[in-house]
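All remarks here apply to the structure that follows.
Labels run A, B, C, D, E and F following the written order; every chain starts at residue 1.
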Amino acid sequence: MFYQEPALQYEVTVEEPDPQFGKLLQQAIGGQEGEMRVALQYMFQAWALPPEYDEFRQLLMETAAEELGHIEMLATAVTKNLRGADAQLDAEADQHPLGESVMGGQNPRTLLSSGLSAMPVDSNGVPFTGGYVVASGHLAADLYANVMAESTGRLLASRLYELTDDPGMEEMLSYLIARDTMHQNQWLEALDALDDPHPIPSSFPQEQENQSVNYSFMSTAREQQPDPELPWTQGTSPDGKGEFEFMADQPGGNVPTVPAPAPMLHSDPNE
Amino acid sequence: MFYQEPALQYEVTVEEPDPQFGKLLQQAIGGQEGEMRVALQYMFQAWALPPEYDEFRQLLMETAAEELGHIEMLATAVTKNLRGADAQLDAEADQHPLGESVMGGQNPRTLLSSGLSAMPVDSNGVPFTGGYVVASGHLAADLYANVMAESTGRLLASRLYELTDDPGMEEMLSYLIARDTMHQNQWLEALDALDDPHPIPSSFPQEQENQSVNYSFMSTAREQQPDPELPWTQGTSPDGKGEFEFMADQPGGNVPTVPAPAPMLHSDPNE
Amino acid sequence: MFYQEPALQYEVTVEEPDPQFGKLLQQAIGGQEGEMRVALQYMFQAWALPPEYDEFRQLLMETAAEELGHIEMLATAVTKNLRGADAQLDAEADQHPLGESVMGGQNPRTLLSSGLSAMPVDSNGVPFTGGYVVASGHLAADLYANVMAESTGRLLASRLYELTDDPGMEEMLSYLIARDTMHQNQWLEALDALDDPHPIPSSFPQEQENQSVNYSFMSTAREQQPDPELPWTQGTSPDGKGEFEFMADQPGGNVPTVPAPAPMLHSDPNE
Amino acid sequence: MFYQEPALQYEVTVEEPDPQFGKLLQQAIGGQEGEMRVALQYMFQAWALPPEYDEFRQLLMETAAEELGHIEMLATAVTKNLRGADAQLDAEADQHPLGESVMGGQNPRTLLSSGLSAMPVDSNGVPFTGGYVVASGHLAADLYANVMAESTGRLLASRLYELTDDPGMEEMLSYLIARDTMHQNQWLEALDALDDPHPIPSSFPQEQENQSVNYSFMSTAREQQPDPELPWTQGTSPDGKGEFEFMADQPGGNVPTVPAPAPMLHSDPNE
Amino acid sequence: MFYQEPALQYEVTVEEPDPQFGKLLQQAIGGQEGEMRVALQYMFQAWALPPEYDEFRQLLMETAAEELGHIEMLATAVTKNLRGADAQLDAEADQHPLGESVMGGQNPRTLLSSGLSAMPVDSNGVPFTGGYVVASGHLAADLYANVMAESTGRLLASRLYELTDDPGMEEMLSYLIARDTMHQNQWLEALDALDDPHPIPSSFPQEQENQSVNYSFMSTAREQQPDPELPWTQGTSPDGKGEFEFMADQPGGNVPTVPAPAPMLHSDPNE
Amino acid sequence: MFYQEPALQYEVTVEEPDPQFGKLLQQAIGGQEGEMRVALQYMFQAWALPPEYDEFRQLLMETAAEELGHIEMLATAVTKNLRGADAQLDAEADQHPLGESVMGGQNPRTLLSSGLSAMPVDSNGVPFTGGYVVASGHLAADLYANVMAESTGRLLASRLYELTDDPGMEEMLSYLIARDTMHQNQWLEALDALDDPHPIPSSFPQEQENQSVNYSFMSTAREQQPDPELPWTQGTSPDGKGEFEFMADQPGGNVPTVPAPAPMLHSDPNE
């Protein structure tokens, strides 16, 4: 169950509104690396967990609610950047005053569809999709998805930080980057708190997997190559359950033959 | 540059064609956890790497080509399962012989659009999308995406394994599961081979992130709670660069006020 | 800023788990008429409002947080329906015990991708998209979108109510239907609380619209028809600003001629 | 059954071709607020109606055919704006003559994929989707969807009007805005012509909805607030069937516990 | 400009309503091979043509309007199949009377979202997308797209024909298949009516294409193979402008090296 | 089964990096006309073919592998264009040095999400979708899809050729255009190598199609017109199986009446 307060989670100010930067910020709202993804991802992961994983469920829900507040912060920042610069619009309406910075760039829907406010889309203007959410029902797989999400999220925020010199935007991003630091670390810590889950899922018995290729680096080079003697072709594997080896070629199976479909499917061009 | 041979990478046989199982296999082709995703993801990640990461580029390309072969194996398996059962179709065409197992279930496009063969869609019949691909330009973030992809991929293959008792399908899945074991391990090993990249991206100077919240577990509970003393609220963080602490409440910022858009946007309902 | 508590907003119990019904409930989570849509829609609408509409902003945010709790209730219901029935799975794993009710129907990803838990998709298994969200920056247009959303939402919940006889599910839906009643009414009330906004947007001066067709019912019948004398062909219009009239034909303009594109676009098949 | 004539429904002329404006017009063709949506929406709504609603079916079909003509008008306008400015292209082809106005902005597919002509996409270049269409089978819900569509459509056209000063474009938009005025009004009138349909669907018996919360404004504020005494917290509801009341907190239900999935789903990271 | 009449283009009757077949018919409405695609495709192609191709523009528009009528016929057929079987629903509502045939199969949105009527989606329940539409601005390329669309469309209709034995449905499909025959032929005839457009676009001067590989069959076999002496490795090419030859290997270029991105993009994991 | 080599299929050099052009090249990677589409399309078509069409299967697989190499070439070109121009970024980071050419245009995700490298999206930044792939199970229909794909692909490459004057880019495009010439021709040749497949599918018996309309040009003009005496209204049809005739009107069927849905669907607004 959720509650809300009118205040933002953290201060958001914009000194020099920059519509172009406002549009870039959309990536952090509705993008593959954005806050809508993590907020929803953490919720759906949490809701799948049975009672014995209740501490993890709590951890996920605590963070999901925080991420909702990040969407709100970013939406505020987008709108302040987009609208702050339009004060003089009417005086000169005939000269397309929004100019290159708003109409001429990506995502003109910001102007046409939302009246210069934030939208559930990415910086290309592509709508958010539930297809970004990873919630597999397996906590360890999900935690790796979360480490990845916080890594690409922090990367995005770092890049955005370089693209502004507005003090308010820098402060907001400095806050969000710090939170990504924490979240990356908490998901890694949560992985450590599990019994050894590797290879994921560890409940699948390894004696049922093909044991001649489960720790073999398989080369697909056209001309067979010698073992390059790299960390992933020799030595003990990170899961501690095998020894890497080099395999210079793919095993090679049958040449596939598939049946023709029944005549009622009308698939034969020569009939 | 790519080459091909008619033989499959590994034997694919189907003893008792099962159209329903054939449709489930589509998830491993065009789904979020499927082989199209990893094949393309590894390619785009590789193509972004500059020469100093050439060993990693090679690693990614070697594996990408292997994954293409997995799509081919799975496509063969799908078509054999779908078509193998349709031999008697014409004799009894008036009785909807494909029945529940083909038409009555999910993804009737398998019948209508492809003539009972594999398609670039998932088991729900939703088309593959480039939105699944993570290729951030940052190798460590990408490698976590790969660990995640091979974890959810191995999870999917394990679930599929439980849903068949066809010896040919079990053997194929036993092979694919083994390869996922290897790939999970090789990406973890590759992460180890990097200098310490945490928090990702490590090139963003931590003194520029908000240092009052970068290792704080922030509770969003409605009623403030005491520190639950869990691994993610105390102790050294996994990146070794901070000490976890518990923060019972969100910092709280300003109540946001956004400007009204210019009148020319016709957004005021009372005007 | 958002907060959460472990308890659900309202009791969710399932007496007789029904995987098929669990899958239908997905429509109320990630579908066009679902709770993800309204939760996000109300947020983005709120975040676009300037201070003079603060009461409406509050109204929207209060309700958005409630809708998040509805997603949570429904996700719980989905998972209880899907998983409650799988207790005997292992004893008979070779016989595809999940059978028609899980694998044979729509959305097998419920089994393969989420381990029998809720997902951000609709009942067809199509991912939620930000394209469902209407947040135009104009409050009156948005409020009509909300009346529509609560109408189709209540319709969906009513249909779902007819498709179950589980007392727990009936009670949950009885609650959600009641909330939709309230929300429909509150958005209609909020429309009333605006100055007369019709035609939306009322700020566009009607003397600039083509006044020969702005209250004319335009027939597109092949053979011209007499005025059918219906409420929309005569009498005063609902906005009180015009008189309906019947127009038996479309005005008819020029036959369009578009220029050929420049030769460099290589668009001429005869060159 | 449909017929067509070469003439446009209304004159479309462009005096000063403006490629940038041409691209903005795409929103009115393939966007969420565009003419493809309403044309298809009205058709699918009409086709679902049984004979007792034949007058409404006619109303919907009359208007659907008109909207098809609006797509045609807008497509003509897009192409005239895009192509009219490219006459001198070849003389100076080496200098990227299309420049910022065509290539540098959003939707370069206009140039690359369609040879500077209209496309079934929005102004961001995102393809039209059937997911925009609302056709619920319930006429009152559908009519609210139509009021909303004509409201956001008229809003879009008003914004576009402000962004051009080409007399031909102003005249075309003046016509389209007028038609949106009519259509908003006709759908409101059609709602009035129904028996009282509120709350939608009125056929669901209100005694089966939870009567303790069906007219209660439910606050989700973290700190409980007093009744703000607003139109939606007191007084008679717009449907005339209840009295609004203020509820300072959410009811609160059980803490959800979901079963663990069967072991065959391999979802337990500690096994 | 478009007109309409209440009558269908051709009789649609259903003797034995079959909800399952009704759902399959959705593929012919909103699917990749469906009527929405061709109706829109022909329109957008037509609207791009300059006056010298006016006969082709007329041809396209004549057919587009016909295809709109096919959507209407199919929508009628879908709804008749879905609803005709639900007469006894209420008497036995507690027993899930719609049963396997409606709820248990694909696309439960047919029941939940549209009240058992047609929708702008395919048989998998995936929404129609403008991404199916091919309208390149080049008439010859577009005509090949049309031949393809009518070929896959006729294939789909033929498969649907085999899956019903309802006389009304057979008659409707017999009509639609015949129209596809005509349309395939008319597009082929239209291609013949152009000056020789091959290779498309013929306006690109072939002396500017790489003349060492423009008529060479390039083998990508791992092991170099001899010329298989097939129609596409020797003899005159269909465009009459070259001689096929066999090339046993790919030319092979540089090993690609891409620059590292600027440090401000934070892409180096070792920094 | 696939193999790879580090070298590109053909040389890719960029003399004057042009970020804007790099973004346009994305259309040839992930667009409707791009190389991802053809590579995957040819694979899925090949995998559906039974042994008697083995020569065609080989043909398709040989070409699919070549197309994978084209994606690689284009990805290299994109990244070289995007990154080559950013060398001086840091010195002047505060002045948004990437400026209009990168941030101000379409697809800012190129900067934010991929660190200035290629992505599986089109030039609008819309992700690649499996919905582009045509693989119907019928070889002749598929071959027409391939002719179309290579026609729109060659058209795209020709347009791109006009938009650059970088010698390296011209040489690369000259190569790709040449390959499209070959591929267009090889698919046309493959069509010729089939027995007469028209009308596709030829296995559907024409005596079962409605023979009164299968070679009739059906006018949809509002006012009936005389036969325009065009190649598609008279003479023998291209399939040689009929004589074109002109039909001045649509046949016209019943006025459709669909049943009302059962009351449990709550679709009647007056109940």
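Simple rule for what comes next: contacts are C-beta pairs under 8 Å (C-beta built on N, C-alpha and C of every residue); 3 or more make two chains touch, one makes a residue touch a chain.
Being a predicted model, the structure only gives us computed values, none of them experimental.
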{"item": "Path length in the contact graph (subunit A to subunit C, fewest steps)", "value": "1"}
{"item": "Other chains in touch with both subunit C and subunit E", "value": "A, B, D, F"}
{"item": "Interface sides of subunit C and subunit D: same vs different residues, half threshold", "value": "same"}
{"item": "Comparison of E-F and B-D by number of C-beta pairs in contact, larger one", "value": "E-F"}
{"item": "Turning angle required so that subunit B lies on subunit F, C-alpha fit (0 to 180°, nearest 5)", "value": "180"}
{"item": "Interchain centroid distance [CA atoms averaged], subunit B/subunit E, Å", "value": "29"}
{"item": "Centroid distance [mean C-alpha coordinates] between subunit B and subunit A, Å", "value": "11"}
{"item": "CA centroid of subunit D to CA centroid of subunit E, Å", "value": "26"}
{"item": "Residues within subunit E bordering two or more other chains", "value": "1-9, 32-33, 47-48, 58, 61-62, 65-66, 69, 72, 76, 79, 93, 100, 104-106, 111, 113, 115-117, 121, 124-127, 129, 131, 136-138, 140, 152, 155, 158-159, 162, 200-201, 203-204, 220-222, 250, 252, 256, 258-261, 263-267"}
{"item": "Pairwise touch network: line, ring, star, complete, or other", "value": "complete"}
{"item": "Contact set on subunit D toward subunit E in their complex", "value": "1-9, 30, 36, 40, 43-44, 47-48, 58, 61-62, 64-66, 68-69, 71-72, 75-76, 79, 113-121, 127-131, 133, 135-138"}
{"item": "Residues on subunit D engaged by subunit B in the complex (per definition of touch)", "value": "155, 158-159, 162, 222, 264-266"}
{"item": "Contact set on subunit D toward subunit A in their complex", "value": "20, 23-24, 27, 31-33, 100-101, 104-106, 122-126, 152, 156, 159-160, 162-163, 165, 220-223, 250, 252, 256-261, 263, 265-271"}
{"item": "Subunit B residues touching subunit E - in the complex, by the definition given at the top", "value": "1-5, 47-52, 93-94, 96, 98, 100, 103-109, 111-113, 115, 121, 124-127, 136-140, 194-195, 197, 200-204"}
{"item": "Of subunit E, residues touching subunit F in the complex", "value": "3, 5-13, 32-33, 55, 58-59, 61-63, 65-66, 69, 72-73, 76, 79-80, 83-84, 86-87, 89-90, 93, 111, 115-117, 126, 129, 131-132, 134, 136, 138, 140-141, 144-145, 147-148, 151-152, 154-155, 158, 161, 171, 174-175, 177-182, 184-186, 188-190, 192-193, 198-201, 203-204, 206, 208-222, 228, 230-232, 237-239, 242, 244, 250-256, 258-267"}
